[in-house]
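Structures are listed in the sections that come next.
Shared chain: chain A. Partners: chain B in the first complex, chain C in the second.
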Partner chain A sequence: MKDILRSLVDILGERGVSNAAEELWFYARDPGVLEAHFPDYVVAPETTEQVRQVVRLANEEKIPIVPMGNGMALTGLVIPLKGGIVMDMKRMNRILEVNEKARYAVVEGGTSQGALKAYLQDHHPQLRHSLPDAPPTTTIAANVSLHGQGRLTQQYGFNSDMVTGLEVVLPTGEVCKIGSPSLGPYWFSKGPTLPDLSGLFLGWLGTTGIFTKVGLKLYPNKKIRDVEIFVTDRVDLVPDIIYKLTHLEMLEDINAWFQPRPLMFKDNYHITMYFTGDTEEEVEFKRKMIWDSLEEFIVTKDGGFMGVGYMKPMLLEMPQRGIAAFADVPRGGGFEYSGPITLIEHYPDYALKVMELAEKYEVIYSSAARVVSGGHSMMFSISFAFNRADAAMMERVKKALDEATEFALEKGGIPWKPNYKEQRMTLEKLDPNTLKLLQMVKRNLDPNGIMNPGNWEVS
Partner chain B sequence: MYALKFEKEICATCPSPDCLLKCQYMEFDKDEAHQEMMKLVNGEDSRVLTECVTCYACEEYCRRGNHPYYLIGERREEKGILTAPRAITNQWINMTAMQGKQMVGEVQDTALSSCLIPELGMLGSGKLFEDVAQAITFGAEFMCPAVHTHFAKMSVVKERLPKVIDHFRQLGVEKVICLHDECYGTYTSIAPAFGIEVPFTPIYYMDFLLEKLNEMKDQITPLNIRAAYQRPCSNRLIPQKHRLVREIMDLIGVELPDRTYQDENSLCCAEILRAVSGYRLANDVQQRNIDDMVECGASYCVFNCPACQSTLSEKVAKRGLTPVHIIDLCKAAIGEKELEVTA
Partner chain C sequence: MAYVRSIEHADIVHRCFRCGYCKFPSDYVDFNCPSHKAFGWDTFSSGGRMWLIRAWLSGEIETSPRFAQILFSCVACGNCEAQCVYPRFKDFLLNIFEETKSELVDEGKIPPTVRDYFKAITVNGNPYKLPQDKRGEWSEGMGIEEFSGQEYLFYVGCVGSYDEVGREMARSVGKLLKDLGVSFGILGAEETCDGNEVKVLGEKGLFTALAEENIIKFKAKGVKKIVTLDPHALNVFRREYPKLGGAFQVRHYTEVVADAIGGGRTSFGPLKTRVTYHDPCYLGRRNLIFEPPREVLRAVPGLDLVEMRRWAVDSFCCGGGGGNFFTDVIGTGEQSPARVRVREALETGAEVLAVACPQCAKMLVDGVKAEGIEDRLEVMDIAQLLSRAGLA
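Now for the complex of A and B:
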């Protein structure tokens, strides 16, 4: 048997490898509620070649390998369920290219959302990317690998829809380019008009390869952003309100949310809408259109616009930090959420379920749903906060989330970034032939089952 | 339960129904104004019940002290007529609910009331308030509930106001300095109108300011600026105090050039109008108001109410006016604060 540690050091150097207890403790867990599992090694590559060599070694020695961005998915997707190597990608953080006119960027697999945002602000102020409401240290590659969403998802779809090309290290050690970069130097298309192979990797949660480069669409960065919040006490009207708003085709982002605290939010459903413009006239025109579109609900007193004055700076923050306050992170709190992708017309059923679960399991809830692709679907987050020092509460949150996933599956929803238990529930419900297809893909790409095992265990 | 003291005969014999005749948001001729008011008095349906935007101004226009605005609110609530959408109405009720989170400073015989408005805490500080700043009260427990009149929830006013007054009573105060017009208006107008006893002497903060400024006259450096004053809706409850603005401005060297929307003809900040009447009216009011401020040659917009300031600051700044609270202007005049200038 090879001395794995020695081999890893040979590939990455002393500073790129560790099996120190304190490092393994850290890489054994994430901020969510799932139990820890210790890796055997942690590696931090700096080049695609190093990634390739580590993967090849792992494949030869049949050692599990878990690619990791910033580990903030909260659903344990980078917890090494079967030990092995955790590959922390954060040292591969270079922004390799920004094509201003074609509006795309190419970044390395560990580049953070914050780094790209800052780089664009400094060097390409006319451009932006779809920033998720997650800490800025979360990575672009991890976000697209789990079909993440961001500020521009309402307009342009999941962040994974915005991928313009990939460089992937396959589980067997080959480096493979996906999309237009497989034919030339440009990163403008992940698929069309070729067969779209990105589907072999996007949404697979790191179980079919490791992203070493990601091409990402960029979008116009308008000079002014503004926000309005429409409030109703009738949950049954939320889908209609969103339908009216998406018909406008002029909103940057639409979030529907409710929470019992602070008291001012109690018993109401809030629809936050963001809009942009390059001039005051453009912004005011859009504001007027938004108001007009919801006039009928105002006339019947079923809903109205609330004042956002003092909340505006917080609302316009990108990314927003409000969720940390909900979780009371500074005092040792946390939160986890189930975020099924579902039809907007199911919003009322989901909303009632959240409140039912919160009461049943005596946990604090909040929910924020994001409209996807102009209203074709929404991500409905069912969030529960917990106190890390209270094991019983964390257990109740786990149960509440499991039940939420069962409910979502019953309603025909798709769990988003599901934990390994939710993945099993999903696979059990999957059409048998679809499952067979997934198995074919997985077996062929990862014959030794080394990539993030325990996740998407289709075999 | 407390009830509005309203004299039917006063309206019946009114020679000039200014309450509705002068309204900036509804059109009436003299006869119609009188008729509609009498419908309200008699509990009959009136277009006022659905058209009033709750600007408070009729409280000022009525020279006979008969509280037409409170009557409109009472009648609306009796008939179940909402001014704003239910969700907005309830949001205000919930966000101002007493939750035991009040903050009370070292209060002895005088309290400095900052209502439920955090900005007032900062304003009520420095040399001008050095004798009373430590006696601050803040929180829903000390918040005047006048805002609920905008939503025709007079029952909330009648339920909460005695509790607020009782909280002050428990502090054993003799005087309450009100940093918000709405508070002073509540204790000196709403409370007596509903027969609610106020066991302390409310002091209007501009009276307090004027007295302090006169004491510190030798420290005042005239600011030599031109400003437009944004009169808040709640000042309509205490029109006798409106003159103090000009007296203070004169003292600190601030010119208030004449403009169309001033004094009785003032336009409100329109934040509540947004909730009650929608975007178009609110936008129109704000547009006319700010245009008027610019046209009169002002370079500053002086606020009395932090809510008005929050609503209009960004908008006036975009038009080249520097937003400033009247207290900060006074602090600038005594050299305690630098006067900001909009770029």
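Now for the complex of A and C:
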């Protein structure tokens, strides 16, 4: 039998492999509520060639392998459910190229969101990418692999829609380029006009390959950003308000949120609107258009604009540190959320469900829905904070989240970055022929079932 | 018999979300946790440590050489404390690491280099295992007086007293203070270790003994004000000695020099060179002294002061903090903090990397050698730079 540790050290060097109890304990879990599963090894490659060799070894020896960015999906997607190798990608963090005129960047598979943001600020200040509000340690590759969203999702769709090319190590060890980089040196298109093979990898949560390079669209970074918040106490009006706002085709980002704490926010629904411009005139024009579009709700006294005032720096911060701070509300270092993608017209039903679940399970909630692609859908986050030292509270949060997913599926929604249980619930509901197609893809790409097993397990 | 583990802040350890803000500087340009940068595993970041400490407290992991390496490679630079997003928790991050190290000290399960450091301090009074009477040798022939009621006690510390690079720096600073007419004296062979590193490494008993000895000595000699060569000494005098009854007015030499030359009272000769300044963690992030060293450098005509990508509160540690200067648990290698830092300095186009800490000076001199860039970047203490410029 092969000495796996020795083989891994041969590929990665001593610094790139660990089976120490400390690393195995840490990489067995993520910050969410799911139970831990221990890996047998943790590796940290620095090159595509190292990734390829490790994957080939894993495939030959039928060892599970789980790619990991920063593990902040919170839904256990990097927990090695069947042991094996966890591959921490963060040492592959180089920004390889920015094509200023074609507005795209090419980054290695472990590059963090924060590093790309800082790099663009330093070297291409007129460009930006769709930065999520997750902590900046999260990686670009992990984000697109789970159809993440960001600050530009309202305008341009899911961050995975912004991919312009991929380099993927297949489960059988081949290195495969997807999109325009498969034909030449440029990374401007992940698919068109070729058959779009990126769909074999995006959204598959690392179960069909490991991203070693990602091409990503960049967008104009306007000189001025501003924010307004519209407040209503009528949840039934939220979809109409968003409809009016998206009709403007002017907003960078729209978030509809509600939370019971601090008390000044209780029982109200807040729609935060971000808008940008290169001149004060442009920004003021947009502000006027926003105000005009919502005037009818002000006239009927169903809502109004709230003073942003002291909250403005926090609201304009990217990413918003305050989002991570939600974990500390019960002084306990944790929160997890279910974030189904659904229709905006279902917002009132989801909102009521959040409050019902919070009451039923005695947990603290917060909810923020992000409008996707000009209003074709939204990501509705159902977030519950927990105290990590309180196992009973964590169990209640787990149950509340399971029930939230059941509700989302009943409403025709799609779970976002679902945990393995939510994936099963989704697969059970899936059209049989769609399921069959998924099985065909998975079996062909990963014949030995080594890639992040336990996730999207369609067999 | 199982060892019962507890630390003072055990009840808040679980509040770490391991979100990772602590790994970065405020604009996220690169990992700013030196041990994470050096080892490349999440376990070596602040969040990783915090989660492992929780596992260790609950008995899920055992004390091991790896666990000790993870803890003692922390350079206590304070980046995590500056960047953590949780108020009322972030203030205790470094305490939690120190308390855990202290438990390992009590268990007797510490890295050999840490053990040797404690032994040397205990037996010899300094980490270099050199005789006490050689402490004041650095000042020989300079005409610097013993402390006898002058305005300041100039406290040099172990590195300034015994290390080759440190002694050179002590001489430069001593001469500068003299030239500027600052009233000061030294303890010479009577000086004893300040204990900052002893405390950070978790040896509470030894630290208390050192601190109490110093406090008694300072009081007996009528010391009211202290000017330190080493920011590590400044840190412990300012933040820890008052808790033991030793409240002195403590300043770093760059603060005293900045005051002495302020308002054009002193001018320097021209020095046409490009300089970048490395903020020592214990001066900058830990004690918020960012401006005086820069003010001093800007006072030299012709000196072009340029900043590195990470500076002030976002500065990247040289890797010598947390006792690593002596214990080297963080190790060497391409991603060792000193090497990373000198590469960053080189990117500015500077010819001189200015420092204000003898430990940083030594670490970065070694970093320059390891990178093989001695012909492109010179590490100099601020006082040495001023000496090169000369008083006008």
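To be clear about the criterion, the second predicted complex is superposed on the first by the 455 of 459 C-alpha atoms of A that agree within 3 Å, B and C clash if a C-alpha of one lies under 4 Å from a C-alpha of the other, contacts with A are read in each partner's own complex, and residues count from 1 in each chain.
The rule is short, and it goes like this: a residue touches a chain if its C-beta (ideal position, glycine included) is under 8 Å from a C-beta of that chain, and two chains touch if they have at least 3 such contacts.
What you see is a predicted model; the values in this text were computed from it and never measured.
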Checklist entry - Does the chain A-based superposition show chain B and chain C clashing or fitting? => result fit
Checklist entry - Is A:Glu280 touching the first partner chain B, the second partner chain C, both, or neither of them? => result first
Item to check | Of chain B and chain C, the chain that contacts the larger number of chain A residues | outcome: C
Checklist entry - Looking at the overlay, what does A:Gly304 touch: chain B (first), chain C (second), both, or neither? => result first
Checklist entry - Is A:Pro31 contacted by the first partner chain B, the second partner chain C, both or neither? => result second
Item to check | Which of chain B and chain C A:Ala20 touches, first, second, both or neither | outcome: second
Checklist entry - Which partner does A:Trp291 contact after superposing on A: first (chain B), second (chain C), both, neither? => result first
Checklist entry - Touch check for A:Asp233: first (chain B), second (chain C), both, or neither? => result first
Next on the checklist: In the overlaid three-chain picture, which partner chain does A:Thr434 touch, first (chain B) or second (chain C), both, or neither?
Outcome noted: neither
Checklist entry - To the nearest 10 degrees, what angle do the lines from the C-alpha centre of chain A to those of chain B and chain C enclose? => result 70
Next on the checklist: With both complexes overlaid on chain A, does A:Met264 touch chain B (first), chain C (second), both or neither?
Outcome noted: first
Next on the checklist: Can you work out, in whole Å, how close the C-alpha atoms of chain B and chain C get once everything is superposed?
Outcome noted: 17
Checklist entry - So in the complex, which bits of chain A are touching chain C? => result 15-16, 18, 20-23, 25-27, 31, 42, 44, 70-72, 88, 90-91, 112-115, 117-119, 121-122, 135-138, 321-322, 324-325, 327-328, 331-335, 387-389
Item to check | chain B residues touching chain A - in the complex, by the definition given at the top | outcome: 82, 84-88, 90-91, 94-95, 97, 99, 271, 274-275, 278-280, 283, 310-311, 318
Item to check | Residues of chain C that touch chain A when the two form their complex | outcome: 12, 14-21, 23-24, 27-30, 39-43, 48, 51-52, 55, 60-62, 64, 66-67, 70, 85-86, 89, 309, 333
Item to check | List of chain A residues in touch with chain B within their complex | outcome: 231-233, 262-269, 280, 284, 287-288, 291-292, 295, 297-298, 301-307, 309-310
